[in-house]
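Look for chain A in each of the two complexes below; its partner is chain B in the first and chain C in the second.
== the complex of A and B ==
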């Protein structure tokens, strides 16, 4: 490589080393060591913390919660996004206005997703309304069967606009003569929806990529589970709100006996989480690109 | 199989009139082409027959039954667009099966029918492929397969061969023709390419600026065009045009073409309708170069070899005429030649350009 090229790249390389590689390497380093309480620094312990992790029931529970949370969130965001896009296209007027309105959640901080639909905000009002309007008993929001779906739907509220936008772009790009050909072949608008529009959306690479991206994102989900663990008073480890990220955070706050903050253990779990995220996202994308992209070329 | 009638159909888009009082009668099972320059309204006629547009005035009938306001989806026609309009996100199989699925064809019959049509068009091996990976010719066949698979009443094609290689176009042209013969489906085919229009059609309609100029069998359009515009539009070499004066000499009516010094005997009835003057049009191949002495003599000014034909520009007493011959006579530039005219192929038009 020419020297000028190296010089031009060097700031970017330096930044990557400082901002990405160094913390990453440190985290991996720490995960392989124990902090010596006598003050002599780090002692190498090998895979001890990884071993600990694999023996910890909280880890498995959080892993399960994360997986379920991810699957449900991706599914509902995608479904909601596609649905809103299809409904938006039915609008004759005010298309742009409603579209912008629907996009607002994308601009808010994710923590808001955990607040907007919480008991102090919308939920209590909704609960009261249901109670007085339909004479139904109050819904117990501290029941995981109730609040877990609300958490998932909050994610969908935040992220479905992304899928909506992608769907709108795909549908707007659908060839006009293709629709006329369909009409000439005898297709009704229902046929066009189910046999042309939906396959065009679900087989598009953009959607495949978004699904992969958001799967990883939901897998690391923190803000909404964090907010809900407050609303439903689940501050201890092993609560149904505890995704892997939230579990790590709680461990930071609840020092285990004797050794202070289990920073090495947390590093081990976060390193494992990162590795799993990377591999899973790659696998999901590959798989989707194979199934859906096989047709798209 | 259906007879299509357009009765006084007019269509405007905004302030632009696209079709003016178009009447056509496409016979049951006929291969009918509409030939015209771009912007003449050809595609609009197809779209009206398909039901993708509604005429402003006039009516459309399928087998005597009015369909003017029947939606496209209820007409059971199929249309091949210039762009082919295949679905890029569906496989070849799914593309071809699309119209059958709409018709709720049972899965086993659907599979069988798609395979049959695919083998007819020799694209069976492509069924699992995706559309973007196909070549132009393959896409063409897929589009035809999709249009054929549900046995439509009417087959509409909008310049489907545009953009393909010439050698390949001929092959596909033949296939389209064979396909139409085999199925007997009434077909309306739109093109700006004369060769395509003439080689495919049972009958051709010439369209210019939204007005039907002429309708007839290909040879009729070529040899006996209905008007001067039609005569000029068809053919690949420019028409020879002369002024002719009509007179009666010794009981026989004849046209005198001054530039050629030639008298041509005509029917007496023509005389009364033209009022002494006609436009005379002679196709370059209606001239023959002959050995023996003839009335028309000239000098070869230039020569253009078109492969199987040669086009000469010949100076006949100061007037330049175009003569097209086979390659058996290769005449050097500057040579004096004798020219004969095939009198049966002389075309006459009145002042308004109507054939007489």
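== the complex of A and C ==
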């Protein structure tokens, strides 16, 4: 019977290993080789492309952009989500309706997230409004100082509802006894917020995991920067929109003259990106567990 | 009304504007033949360039164009075929491998869990080069089968992790009792495990359908005219592809985006708070 069971589940395991490990192994293989232009196949070049990466200024610039983008996006979605949830709980009526309304951005695909916050959608309206109502100058969304925060804001718009839902789940599971005890002992609503609710939210395992998950996701985020690089006409390498993923995308679709598409280099960078995001996610996991006192397996 | 209450309501109104306004704009723009803003006709900036606009002129032209000339319904079918294909295969494989790992493996199961967890954090970009290379050399570029395979690499770790944690929460005794009473492994899955986990599995399937429906990066590079998916169609709208970037008609994007948004919104509103659990489950 044991053998039949092994026979039963081994094809499934084999399938998933092929589906996930094959592309990964191929990518690592390509990153260590060069495609021979004479057509004789792949030549082993060792860590050449990783070395190239470490000498490339576009790589460092994109890395910086990705890190800043990730940090800002995680903080803004977390804070916005928690704030929204706390405000929602103050509502006496219409609580469910407003929650439903705020949840809709979760249905928006990231690429559509790059469209709904684009200059022709929101900012032209806003510009005409402030111009005709207050006689203020137009906001120039083609300025990196303006559009970078807008990109972050779009990410927060897309993902803060997830943090809002998580916060609502946590607060609704908050033990009634603790609340009643605090009220009986004369705690003001401000005390209840700062000493009961907020610690409960920020120490929860759910929030910690969502933060870890979204950090990794934002670090490799592609769609919104891609959409914005189109809106503000930043198609060349080294633009302020270039997160690591977008830099690789531009390298893939706009080949440099002479050498063709640098697929080995792209593979090297994406392998490194994967290693970094893996390490970062494990570290965040551990750190959050330690700092926030949650128990994680 | 106390000042605190007033502040709460003001903030909620501001948040409602923040969350709802971009969606309202996108929906309205799809029905509007004029370039951009809804308020105040006049001269304004579009991408830094001054433009004249005449406010709103309602029209169905973008929707008619989308479903006749552009054949958007074909993209919807493509997305459904590819999404359902890869999701169902991933869940099928996930159920069997999670069953095997949960009930038959000892400590080696932890290793498989870890591999899947690693795979969950693979950046899609890492998959692009191997997939482009493999699919095109085997003649599977821009085919439904190729896209199903591509999304399998993204979906199978999620399916496995979700089903695995469902199985961990399930009472083991039931399966063990079935096995002791002479049930084969296949029968145990079919008669005991699946009925118990079905609600959870259905939710997971729907969740992964949403993820594949919304996926853009892989679809934009691995599909062409034959198997183009909805999210690629939302971005390309109408217009010519010129190198990396292309001309675009914003209203066409808005109309396509609205259509793509409707089914997903329905699903998200059905899932509601289960979403939190799904996102967390797929990482734990």
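Worth pointing out:
Please note the rule applied: the second predicted complex is superposed on the first by the 290 of 297 C-alpha atoms of A that agree within 3 Å, B and C clash if a C-alpha of one lies under 4 Å from a C-alpha of the other, contacts with A are read in each partner's own complex, and residues count from 1 in each chain.
One rule holds for everything that comes next: a contact is a pair of C-beta atoms (placed from the backbone, for glycine too) under 8 Å apart; a residue touches a chain by one contact, two chains touch by 3 or more.
Keep in mind that this is a model prediction, so the values were computed, not measured.
If you put the two complexes together on chain A, you find that chain B and chain C both fit without a clash.
By the touch criterion stated above, A:175 is placed in contact with chain B alone, chain C being left untouched. Once chain A of one complex is fitted onto chain A of the other, the partner contacts of A:204 are limited to chain B, with no touch recorded for chain C. Contacts of A:122 after superposition: chain C is touched, whereas chain B is not reached.
Of the two partner chains placed by the overlay, neither chain B nor chain C lies in contact with A:251. In the superposition on chain A, A:195 makes contact with chain B only, while chain C stays out of contact range. Using the contact criterion defined above for the overlaid structures, shared-chain residue A:78 touches neither chain B nor chain C, since it reaches no partner.
Once the two complexes are overlaid on the shared chain, A:22 sits against chain C while remaining clear of chain B. Counting the residues of chain A that each partner touches, chain B and chain C differ, and the larger count belongs to C.
Chain B and chain C, viewed from the C-alpha centre of chain A in the overlaid structures, lie at an angle of 90 degrees when rounded to the nearest 10.
After superposing the two complexes on chain A, the closest approach between C-alpha atoms of chain B and chain C comes to 18 Å. On chain A, the surface touched by chain B in one complex and the surface touched by chain C in the other have residues 297 in common. Against chain A, in their complex, chain B makes its touches with residues 50-52, 71-79, 81, 83, 85-91, 94, 98-99, 101-103, 130, 132-133, 146, 150, 156.
The touching residues of chain A, when paired with chain B in their complex, are 175, 177-178, 180-188, 191, 195-196, 199-200, 203-204, 294-297. Remark: chain A residues 1-2, 4-6, 8-13, 15-17, 19-24, 26-27, 30, 83-84, 87-88, 90-91, 98, 100-112, 115-122, 124-125, 127-129, 131-132, 138, 140-142, 157, 161-162, 165-166, 168-169, 206, 209-210, 212-213, 216, 220, 222-223, 227, 229-233, 235, 244-245, 248-250, 252-254, 263, 266-267, 270-271, 273-274, 277-278, 281, 297 touch chain C in the complex.
Against chain A, in their complex, chain C makes its touches with residues 5, 8, 11-12, 15-16, 18-23, 25-26, 29, 35-40, 42, 44-48, 89-90, 92-97, 99-101, 103-104, 112, 115-116, 118-119, 121-131, 133-134, 149, 152-153, 156-157, 160, 179, 184-186, 210, 213-217, 221, 231, 234-235, 243-245, 248, 250, 253-254, 257, 260-261, 264-265, 267-269, 272-273, 275-276, 279-280, 283-284.
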